[in-house]
Amino acid sequence: MHDLECRNLTKRFDGFTAVRDVSFTVPAGSFFSILGPSGCGKTTLMRMIAGFEAPSAGDIRLKGASVLALPPNRRNVKMVFQHLALFPMMNVGENVAYGLRCRKLPKAEIARRVAAILERVGLPDFAGRSVAQLSGGQKQRVAIARCMVLEPDVLLLDEPLGALDLKLRERMKVELKLLQHQFRTTFVYITHDQSEALTMSDQVAVMNEGRFEQVGSPRELYHAPASAFVAGFVGESNRWSGRVVAAGADGLEVETSAGVVLRGLPAGGGRMPAPGAPVAVFVRPAAIALARPSAEALAPLPNRLAGTVESVLFDGAASRVLVRVANGALVESALPATGPAAEIGIGEPIELGWPSAETRCFAEAA
Amino acid sequence: MHDLECRNLTKRFDGFTAVRDVSFTVPAGSFFSILGPSGCGKTTLMRMIAGFEAPSAGDIRLKGASVLALPPNRRNVKMVFQHLALFPMMNVGENVAYGLRCRKLPKAEIARRVAAILERVGLPDFAGRSVAQLSGGQKQRVAIARCMVLEPDVLLLDEPLGALDLKLRERMKVELKLLQHQFRTTFVYITHDQSEALTMSDQVAVMNEGRFEQVGSPRELYHAPASAFVAGFVGESNRWSGRVVAAGADGLEVETSAGVVLRGLPAGGGRMPAPGAPVAVFVRPAAIALARPSAEALAPLPNRLAGTVESVLFDGAASRVLVRVANGALVESALPATGPAAEIGIGEPIELGWPSAETRCFAEAA
Amino acid sequence: MTGAAPRDARRLTLILLFMPFALWMLLLILLPHLGVAFLSLREKTGPRQYGFGFGNYWKFFSEPIYWTLLLRTAATSLLVTALTLVAAFPVAWYIAKIAAGRSKAALFLLCLLPLWVSDLVRAFGWVVLLRETGLLSRALQGLGLVSGPVEFLYNDAAVVLGLVYTVILFMVVPLVSTLDGMDDSLIEAARNLGGTRLTVFRRVVLPYAMPGVVSGSILVFMLTAGSYLTPALLGGKNAMWFTEAIYQQFVTRYNWEMGSTFGILLLAFTSGIVWLALRLTGQTLAGTMGRA
Amino acid sequence: MRRAPWPILAFRLYLGLFALFLAAPLVAACLFAFNDSLFPALPWRGFTLDWFFGTAEPKLGLFHDRRLMASFATSGAIGVAVALLSTATGLCTAFLFERFAFPLKRLLYVLMIVPLVVPGIILGLSILVLASGTASAIEALTGGEVSALRPGSTLVVLGQVSFLATVSTLILGARLKKFDPALEEAALDLGAGRGRVLRTVTLPFLRPAILASLITCFLVSFENFTTTLMLVGADPPLPIAMYDRMAKAGSTPVLNAVSLVLVAGCGLLALVSILVQREPGAARALRPNRHRTVGSPS
Amino acid sequence: ETLRLLTWSGYAPDAIVKKFEAENPGITVEVTLSNNEEMIAKLRATGGAGFDLAQPSHDRIFAVESEYGVYKPMDWSKIDQSHIAPKLIEAVKANDTVEGKVYAFPHQWGTSGLMADMTKAPGARSWSDLCDAKYAGRTSMRLRRTILLGTAFGMGKDPFAAYADLAGYKALMNEVADRLIACKKNVKTYWTGGDDLAALMLSGEVVLSEAWDSTAFKLYGQNRDIRYVPPKTGALTWVDTFAIPAKGQADEAAYKWINFVLRADNVPAMSASTGAIAAVKNGIDLLPADKRDAVQAAFTEEDLGNMKFFANIPPGIEEIEGEVLDRIQAAN
C-alpha cells in the first residue's frame, strides 16, 4: 500500500518550469527524502502535495485517492516548515492543540492528546511554556508534535534542520529518525544536505532542475549513482573530464583533459561509450589509497599517480590530504588514521592508487 | 619571537567571570585557533586583545610590548567580525581603503595598495562593486583584505564562517588556510566548530568556561586529549561514566555505571586513579571494529561487546552504526565501507571490539 | 571602553545628548501642560481678579452640554476608529500579503500620498464633492437617481466619513508593517493544520497583527478626537466637536480658564480610553507606538 | 495557494473602491481650480487658468495673490526651521535611547512618545498658555517685551517641533536599531578616531533616515493646522491663511488652485522621501517574499 | 516699516493697499483677516502686540479694554475729522471711552437684519420669520450674539435694556435659547462668513437668512431678487472702528492709513469692497451705484430712523451669551 503517490507532476510558473514530470510512490511507514541543490524545485513539489500550489499537470494521490480538489486544510498531509512556523502568540500546548481545536474535538480529549504527544516527543510538562523559551531542538520537536497529534497519513518536512547550528543538527538527525521509527508514519523529507538524506532515509530521490535523477536507497545512490549529477552530488568525489581512449571488456581507458590516463568502468547504465566520447570521471577520496614512494603496496592497482602533498586537512577520522600530481591537478584523498601514510607532512612526495571499479565514467553530452 | 602574548588575562563582568587567568603565546606567522562551546568566553578574550574591553587583570603584549594603554584604533591588531561588518555605504575599494585613509596616506599610494591587496585575495577589478553585490565568500575575502592591507601584527577572526552555508564553509576553510599561508601573518581564529579548528590550525587552544583546557597541535588534541572536556569536545566519542575496578601496569579495568567492564589506559597526565575512583571513559567510534558474531577477527582485542544493530546511519565514508549492547547502552561505531560488516542491517546481532589504548580514562571529581 | 577617560567621555556624551531631549520635554511638553493644568484651576472672580479652585471643573460636570459633548466626541471617535480599522485591514492585507514586487511598492506609495496632503485640502475636497451643488449630488441627479439636489454635507455621517478619510492611512501603515513582518508560513501552517480561512484569521492573523491594530487604533483615535478642521468644515448645525468647544473658549469667549479645563479634560478622558484599550489588549504604549 | 479567484477579485474590487475613496476629494479639490466661476461648485462654467494666473479681482490668481504667496513663503520658512530643529533633536534623542542606558529609561521613552498622541490643539494651547504667561510675567517684572513669546512664527515652530521631534526620533531610532554596532567597532579597529567613525560610518548609515525625517517634518509642518491655529500671529502659514479665506472671506476656486499646488508638491516630496527611505536595507516593508503565493492569482 | 492690520475680510482690498503703499513708500501693509472675537482673542494672547491697527466693532471695546488693556488711547488730533458723520463720532465716543480716554475711531457702519429671496420669501419682515415653518430647511443664521439679540427683539423684548440686570438678562437669554433650539430644524445650516452666506443664497440653498446688510447689498448686484430686509423692530446697527493695539509699533503709519481710507477719493472703493457704509457725512451717496440702489431698495426713511445701535457690552454679558450659544449648538 502506498501512502503517497505522485504521477507526472509538473508545475510551471509563468514561463519557468519548477517541477517537471515527477512520478514517485512512497510506501506506507517509510522515510523518503528528496535531495537536491537549492532552487531545484523541492519546496515547490512539497507545496503541491500540501495543497499550497496547484499542479500544472499530473495527479497527487494519498492512500490511493486523488487530493487535487481538496483545499490544504482538508488534506491529511501535515507539514513541518523550514523555520517551523510555530505560532508565537500561543504557548506550546496551544500550538499543539491548534489542529485538534480546528477539528472541534472536546476540550478534555484535546488536553489528553496534547499531553500524550508531548510525552512522546520528550517534552512532558512543556505545555505551559511560551514558544520563545524553547531551544532550537525543542522547537523542532514541538513542530513535529503539532503535526503528529493529528495523525496524518504523510508528514512533510521542508529542510527542518536548516536553521539549527551544527552540533544540534547532528543530534536532531538521529532523533528525527528515531521519532519516525516510533510513530511509524510516512515521512517525506526535503533537504539539500546529502549527509542528512543518506543518514535518515529508507529511500532518497535526487532532484535536479525540476526532475528526479535517481530514486534509491542511500547505499544505491552512493555506490551506484545513475548519473554524473548524482555521483557529484552524493558523497565527496574527485571529478575530471576526459575522453575515452579505449573501451574493452575489462573497462574503459580514459584520458583526462590534463593528460592523465585512468582506467575505469562505465557507470549510469547507458551504452558503453565509444572511443573518443567525452566522459566525466568520478573517484571518491575514500577509495584512494596512499603510499610513500617506492612502497610496493599500490602495485596491484590499475590507477597509480605520483605527486607531492600540498595540504593536510586534519580532521580526526575525516582527515584529507590534497595531493598535487605530476601534471598540476589537485587530487583529494582520505588520510588514514593509522598506517605508514598517517603521519605524512606537507611537501612530501607520495603515491596514490585506486581500483578501476572505483573510477566511475559517465558519458557526457558532446 | 612571539607576535602575541597574553599573561594571566582575566575579565569579570559584574560578578560573572567570562575569562579566567588565560595565558598563551602565539608564534609569529602561525595559525592559532581558540575552540570552545558557545558562551565560553572566546569573543570576550578576542575583544580584549582588540581593545574593545579592558581586562580586569593580566597583560596583553604585541611584539613584546604591552598594549593595555592603547585604544583600539592605535593597536596593530585587526579583526574580522563574525558578520564581517563591511561598511554597506561604501564600495569594495572604499572599504579596503578605509584604514589607509585613517592613516592619511596619499591618494595614489592608497589606490596602489588597495589594488594590490584585492589582487592578492583574488578579487581584482572588484574595487567598484557595491558590497551588496558580493557573494558570501567574496565578502569574506574583502573583510580579510580590509584588515590585511594595514599589515597588522595579528589578525583576529571571530567565527568568520559562522554565517555561511555548509558548502561554502567547506570551501572557505581551505581558502582561509591558503590565504594565511600566503600572507604569513599571525592569525588568531575563534570557532566553536572543531572541524574548522582542526583543519586549519597550527595550534589550537580548547577553551571552556573562561579557561584554556589544552593548547596543542590538532593531532595532539585528537590523539592525546588532556582532559575529559577536550576528549569529548574534539572529535566524536562514546562516553561512559564508571569506576575503577583494578589498576595495573597494563592499564585500568573500569566498570561503567551500566555494568560493562572495559579495559583502558589512564589519560590526561594525572596520577593513576586508585580502585574505586570515578572515571569518564572515552572511545572513538572510528576505533571500534565490527564483526559478525562467531567471526574470530576480534579475538585479540581486550574490549569486546556483543549487541544488536539498532540503527544504521549510512553516510558514505562517514557511516555509523548504533549498537544496543547487552545491558541496554547504545554504542556508536564507524561502519566500514568494505569488509564483512559493511552490509550489516538493522536488528542483526553484531560484535564490537577495540584496543585498550583507545579507551581513555579520565579521573573525575568524586 | 578602555580605561577611565573614555568612560568619562561616554558620560559627557550622554549628558550632551540628554540636553536637547530634556529641553524639549521640559519646555515644550511638561511645563506647558502644567501651565494649562494650573490655568484650569484658576477662576475668574471679577475683572482682573482671580481665585483658585475646582470651579471650572465643577461647571463642566454640572453642565450637561459640555460633558455630553465630550462623550459624543469620544464615542464618535471610537466609531471612526472601528470603521477605520475595518476599512483599512483588507487594504493592509493586500499590500502586505498579496501584492508582490513592484505593484506592492507602488500600491503602498499610492496609499501614502494623500497622507501628506493638508487636512484642509482634503476636507475642502469633501466639501466640494458633497455639498448640495457639489459633484455627488449632481452626478446622482444626472443618473436620475434623485430628482432634486441632495445635501450630503453638514451632518454626522459626513463628519464620520471625512474623519475616516483623514486618518485611515495612519491605520494602514502600522498594519502593513506588522503584517509584513508575519511569515507567510504561519498562515500556511495554520491552514495545513486544518484551519479554515476564518479560523486562521481569528486565531493566528489577528493575534499576530494585534500590536499594529492597537498602535494604529491609538493613533487614529487620538487624531480623531483631536481633530478640528474636518468636523468644523463638514459638520452640521448640531455637531460640535470638543476641540471646537476648546477653541471657542479660547477665542470667542476669551475664557482661557475654561478652555484649559476643557483641554485637560479632553486629554485625561482620551488618555483614559487609550489606557483602557492597552490594558484590555495587553499591549504597552512603548511597545506599540515605538514600532509604528 | 490554490483558491478560487473570487477572493482576489473581491480584494481587487475593494482596492479599486478604496483608491477611488482616496483620490476623489483630492481630484475634486484640484478639478475646480479650472472652473471659470466664482465658487468652487457646479455648474461648470468653462475652463480657465485665471485662478492661477489671473491678475485682477475678482479672479485674482494664486500667483498674483500677495497674501497667499506670502503665506506660502511663511509656511516654507517655518517648515525648514521645524524640519531642522526636529531632526536635530530627534537625532540626539534617538542616539540617547538606542545607545545609552540611564535611570528611568522606559518611563522617559513613553514620555517621548506621548506628544504623538496628545491632540494637536492641546499642544498648541498649552504652549500658548505657558508662553503668554511667561511673557506677561516678564513684562510685569521688568517691563520688557519678549516678542518671541507672543503668538507668531517662533511659537508656531516650537509648537510643531513639540510633536515632530517624536516622529523624527522614531524614524531615526528605527534606522539606528538596524545599525550593527560591529560596524563602528570595525572602523575603530581599522584605526579611525571616534569623530571619524561618526562622520564616515554612523551618519552615512543614517543618511536616508535623516533625509526622510527632514522631508516628513517639513511636509507635516507645511500642512499642520490644529497646533498652528492656536499659535499663529500676524503672518499666517498657508493652511491658516486658506482657512481664514474659507471661513471669513468665502471660498473661491483660488483655494482649489492652492490645493492643486499643494497636492502636487506634497506628492513629489513624499515620493522622494519614500524612495530615499527604502534605499538600502530599509526596504523590508516593500520587499516581496519569495514564496509569495498566498492568494496570488492562480 | 510694516503696518500690520488685523481686520475684516474686505476691509483692506488689494487695490487700496497698493495705492496706499504707492503714496507712502517705505510702508508695507500686512493683513490678517479676522472677526470681532478673534481680534480680541489674538490681542489678548499677544497682550496687544503683533498688530498695529485693529478694527473691532464699537460695542466690543469697552469691556475688553477694561479687562485686558490691549489697546492704546487714540490721538484724535492726528485724524482729519472734518468730514466724519457727527452722529457716529458721538456714538463711538459714548461707547468707547475708558477712564476718560477714547480708544476708537469710526470707520464703517452697517446693520444686521434679514436677507430674503423675494421670489420665495416675499413677506418676511421679522426676526421670528426665520423660524417660520414655511421656510423649513431653507433659512440660515449665524450662531453668534446678533441672532440672540434679534430673536429677543422678535419676541418683543429689549435686550439692551436688560443689560443692566445680569440675572434678568440670563432669564431672557434662556427664553431666547429655547426659541432657537426649537427653531433648529428650520435652519439649514449656520453660516460663518459673508461669502459662505452669499454662496448659500445665490445657489438657492437658503431663501431667508439673518444677514449683514453689506452681504445682501453685494448679492443684490448679482440677483435683484435678493434683498436686505430691516426687521420691523429695527436693524441692529454696528460701527466698525479703528483701534490701536497697546503694543503697536507703527502708530504713525496707522494714522496715515486711517486718514487715507476715510479720504473721499478712497471711500467709494473701500465701500465697494466692504459693502458697508463709510462713516463720512454723505456715506450712502459715496456708495457705488449698484450698492446705493440696493440700500435704497432695502431701507425706507422709516427704517433709517429706526436703527438700533448695538449697546456697549458690560462684563458678564458675553459669558451668559456664550453659554447660551453652546447650548443651542449642542442641542439636537
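First chain written, first letter: the chains are A, B, C, D and E, and each begins at residue 1.
Operating definition for what follows: a residue touches a chain if its C-beta (ideal position, glycine included) is under 8 Å from a C-beta of that chain, and two chains touch if they have at least 3 such contacts.
For each chain, UniProt lists the protein as follows: A, B = Polyamine-transporting ATPase; C = Peptide ABC transporter permease; D = Ornithine carbamoyltransferase.
Not measured: the values here are computed from a predicted model.
Note on connectivity: the fewest chain-to-chain touch steps from subunit A (Polyamine-transporting ATPase) to subunit E number 2.
Considering every other chain in turn, the ones in contact with both subunit B (Polyamine-transporting ATPase) and subunit C prove to be A, D.
With D-E and C-D as the two chain pairs, more C-beta contacts join C-D.
Work out the mean CA point of subunit A (Polyamine-transporting ATPase) and of subunit C, and you get 55 Å between them.
Remark: subunit A (Polyamine-transporting ATPase) and subunit B (Polyamine-transporting ATPase) have CA centroids separated by 27 Å (rounded to whole angstrom). Subunit C and subunit E have CA centres that are 38 Å apart.
Centre-to-centre, using mean CA coordinates, subunit B (Polyamine-transporting ATPase) is 92 Å away from subunit E.
The residues of subunit E that reach two or more other chains are 203, listed in rising order.
Counting only residues that touch two or more partner chains, subunit B (Polyamine-transporting ATPase) has 51-52, 71-72.
The residues of subunit D that reach two or more other chains are 1, 39, 41, 128, 246, 251, 291, 294, listed in rising order. Interface of subunit B (Polyamine-transporting ATPase) with subunit A (Polyamine-transporting ATPase) (complex): residues 166, 173-174, 177-178, 193, 195, 198-199, 218-219, 222, 234-236, 284-286, 311, 313-318, 322, 334, 337. Of all residues in subunit E, those touching subunit D in their complex are 4, 6, 8-10, 13-15, 30-35, 42, 45-47, 49-51, 192-196, 198-199, 202-203, 247. The residues of subunit C lying in touch with subunit A (Polyamine-transporting ATPase) in their complex are 183, 185-186, 188-196, 199, 203-204, 207-208, 210. Interface residues of subunit C, counted against subunit E in their complex, comprise 47-48, 63, 65-66, 68-69, 132-133, 149, 151, 154, 236-238, 240, 245, 248, 250-255.
The touching residues of subunit D, when paired with subunit B (Polyamine-transporting ATPase) in their complex, are 180, 182-183, 185-193, 196, 200-201, 204-205, 207, 280-281.
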